[in-house]
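Below you'll find the structures, each written out as structure tokens.
The same chain A turns up in both complexes below, where it pairs with chain B and then with chain C.
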Partner chain A sequence: MVDTLAKTSFYQQLVDIQDLSRRLSKPLMSSIESLNKQMSSLNLDVYTEALKSYTSLADLYRVPDYLDTSVFIRHDVEDGGFIVDTPSMSSASQDENILTIAENTRANDVNKANQEYLEYLRSRSEEIATAIMRTEFEDGMDNDVTLLIRSFARRNKSATYNWLDELYSTHLNLSSVLQGILRTLAMITERGDENFLLPMVVASLRSNSSAEQEAAIMVIEEWRTKECLEALCSIKNYSSEMIADYAEMVTKELKEELG
Partner chain B sequence: MLIRGIASLARWDGTTVVNREDATTAGDVISDLRTQSNTLSVWRADSPEDINDAIVAMSLNRTDVSKIIALLLDEKDLSTMKIDFSDAIGNSDAK
Partner chain C sequence: MYNTKTLRGTIFCAPIKYSKEFITSLAGVIDGYLPMLVRDNGVLPGLPTWQLTSPDEKEVLAFNGDKIDLVQVVESEIGEEQITEFASRCKKVFGRILETTGYVCTRIALAPSVIVAEKAAKPTALYNRIFAVRELDGVYLDTSNISQVYRLNKTIGGNDIKINHVSNFRVENELVTIGGINQLRERYIGDFDINTMVNPEYKFSVVDVKEFMDMAPSCFARFYNLYFAD
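Then we have the complex of A and B:
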């Protein structure tokens, strides 16, 4: 019984659709015919340009995530690609064709996250400065401080490096904190991070403390860049003969390596 | 030749101010001379190859690639100073 009803119902639906098609087919065919006539009367060049404009606008809103809000993007209609200009690169005549992307919420989110993490690290500054002072740093050995600061950097490298820079500048009169920060840098930083952190290293190279100078040379030995070598070569006096020998050895190695 | 690794150059810095007239070196070096059962362990090397092996043994407990500073002691100097020393089997992961 149920089977019979179902079949009837489906059959009835087919009949309804057929009937609807019959009723619609005439006006539909008429509309298509009319559209074809209009299309053939169009100037095809104008139509193509209109289509390109539409494509350009559609593409414009698909801005790649990696682009920053400070970057201007213009769409090159000729070859269908984007030209990315930084503000300094764009000339006044180009400005007419440049479309500015309003607001990149992703960049704002990143800035906000960095700021929040920096505030968190600032709240722990004194506690960690004390821990650095009490920690015995040994060459090539991790300790509680290096492990903790490495975990900070893994979570937010940018905020952590900013905070270390602040921690250094607020403890200039405490050599044990400065050398601890440098020894931590030697353990946790990666290639490419060095230029941002180099001022700390240069400052400690010029210190009177042999422990600070040694820590600074250890960072340089880790980073091994041309800028580091220049910094090392700029130091004429070391606080002890041992440190001078160590600096000379690293300088010689880097000169051979960097040419 | 005997080899003893030290943790930091600056600890042995002879220019550090020491507030004792009879002091021969800075107090920080004591942390590099920790004894166990009143003995100080060193690595013995009879050839340059042995020195390399000793450096590898000293680096095995490290967590990061970094400089290694070691002091070389002459066995004759120890004998002159009447410091006893004896051989023991080294305990390291080096094969």
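Then we have the complex of A and C:
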């Protein structure tokens, strides 16, 4: 085309260019019109919102490499957007039928039911560890994680505490999980439970993380037993002055209370 | 005539660890019992499992994690009096444990095992009766698959509580030496268990445990009648 134009007069070149642009513009304009039609048929707000929510939540929640986060994102039909579920929101009630209830109280049947529930909880360990990491624990306030774990404990306390102990020992390198477990304990335990759970608290008291130490002291403040006081007194170094003051305050209270 | 083989009373509460202080606190109720740590008995790892055995080895107080069993070995005829006596013992032992620890329990049970028949007299008639449609205190049979369960509504501590009446019949083989020769003895055993149903809302105090134990003998009298009355 360029060679042809070079060999013709300027006027002819103008005519040819005009013709060429007419021939090219027709399908181009048609394509643009078609694209416009398709775009207008789309609810772009949905995608914009989805993108916004996804990126903001991705920033908010640091997701571990081993987890497929997509399972926690669902489309909210009413709002036209996307919502990221914390895993704890996945209903436990759908697994209602997995719980074997021992009708009788023979050791074999009770142990079997406990073991079965422990296996179920083990299957949810990573999911719940992630939920704990994503959850902001507020002092004395229930959240999805505490509510879920309390519901586990109501069904089978022994299996749940056993599982929490395992969860703690398998996430020793993730302080946020350990803190979350301790803060959950402070919310869900009853008198006598501390016998079984104290080792976790003592381990966290000896941690270098001030948040973990704080969570451990909060559990002690809740349990208020002689063993807790002994554990508190055995700690010489705290990771911050604020935590040391908090520990001192609780120690003083417990000494007065327990004599 | 039917003989009881063992009697078991059970409460479910927070685990209790072995300690000398705790054993001392049971003085007057459990005296001279020998402690023993138990391993690999199927209880979840991490839960304390230990037991106290009477010097004549006829009674064991077993701490099986979240469950405390008081087991007596007896071989005497079944009857309300036998259950009443054992229930009274349970009240004393469990009462002391709950008072000492300040715990509440979530489940209570009384569970005798009865020797239904020796091999020589296979209990066909009994089995025919077991699997016939039955009712207890106006409540019809809830399940009838190996073990049978009736769930009755009772009142404990002013609260409505569902009480499981469980029976389970099985064959037990025992090696006995007769005239220097080892022989296999086959016995038909009926395990009976009257217990409060699993329910997270149920919490029983010392007073409630005593109320349950007071009620248990008459419950057993009627429950036994289903199977053993002429």
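Throughout what follows, the second predicted complex is superposed on the first by the 154 of 259 C-alpha atoms of A that agree within 3 Å, B and C clash if a C-alpha of one lies under 4 Å from a C-alpha of the other, contacts with A are read in each partner's own complex, and residues count from 1 in each chain.
One rule holds in what follows: a residue touches a chain if its C-beta (ideal position, glycine included) is under 8 Å from a C-beta of that chain, and two chains touch if they have at least 3 such contacts.
This structure is a prediction, so every number in the text was calculated from the model and none was measured.
Upon superposition of the two complexes on chain A, no clash is found between chain B and chain C, which fit side by side. Contacts of A:L118 after superposition: chain C is touched, whereas chain B is not reached.
Once the two complexes are laid over each other on the shared chain, residue contacts for A:A216 go to neither chain B nor chain C.
Once the two complexes are laid over each other on the shared chain, residue contacts for A:A186 go to chain B alone; chain C is not touched. Once the two complexes are laid over each other on the shared chain, residue contacts for A:I149 go to neither chain B nor chain C. Once the two complexes are overlaid on the shared chain, A:R106 sits against chain C while remaining clear of chain B. Looking at the shared chain after the overlay, A:F137 reaches chain B, while chain C stays out of its contact range. In the superposition on chain A, A:S240 makes contact with chain B only, while chain C stays out of contact range. Contacts of A:D165 after superposition on the shared chain: chain C is touched, whereas chain B is not. Between chain B and chain C the least C-alpha distance in the superposed model amounts to 19 Å. Comparing the two interfaces of chain A, the one with chain B and the one with chain C have no residue in common.
Put simply, chain B touches chain A in their complex at residues 7-16, 31, 59, 61-69. Residue ranges of chain A in contact with chain B, taken from their complex: 136-142, 179, 186-187, 209-211, 213-214, 218, 221-222, 239-243, 246. Within the complex formed with chain C, the residues of chain A that make contact are 101-108, 110-112, 114-115, 118, 154-155, 157-159, 161-162, 165, 190-193, 195-196. Those residues of chain C lying in contact with chain A across their complex are 8, 10, 12-17, 41-48, 64-67, 69, 101-104, 106-107, 109, 111, 143, 147, 149, 164, 166, 168, 191, 193, 195, 198, 200.
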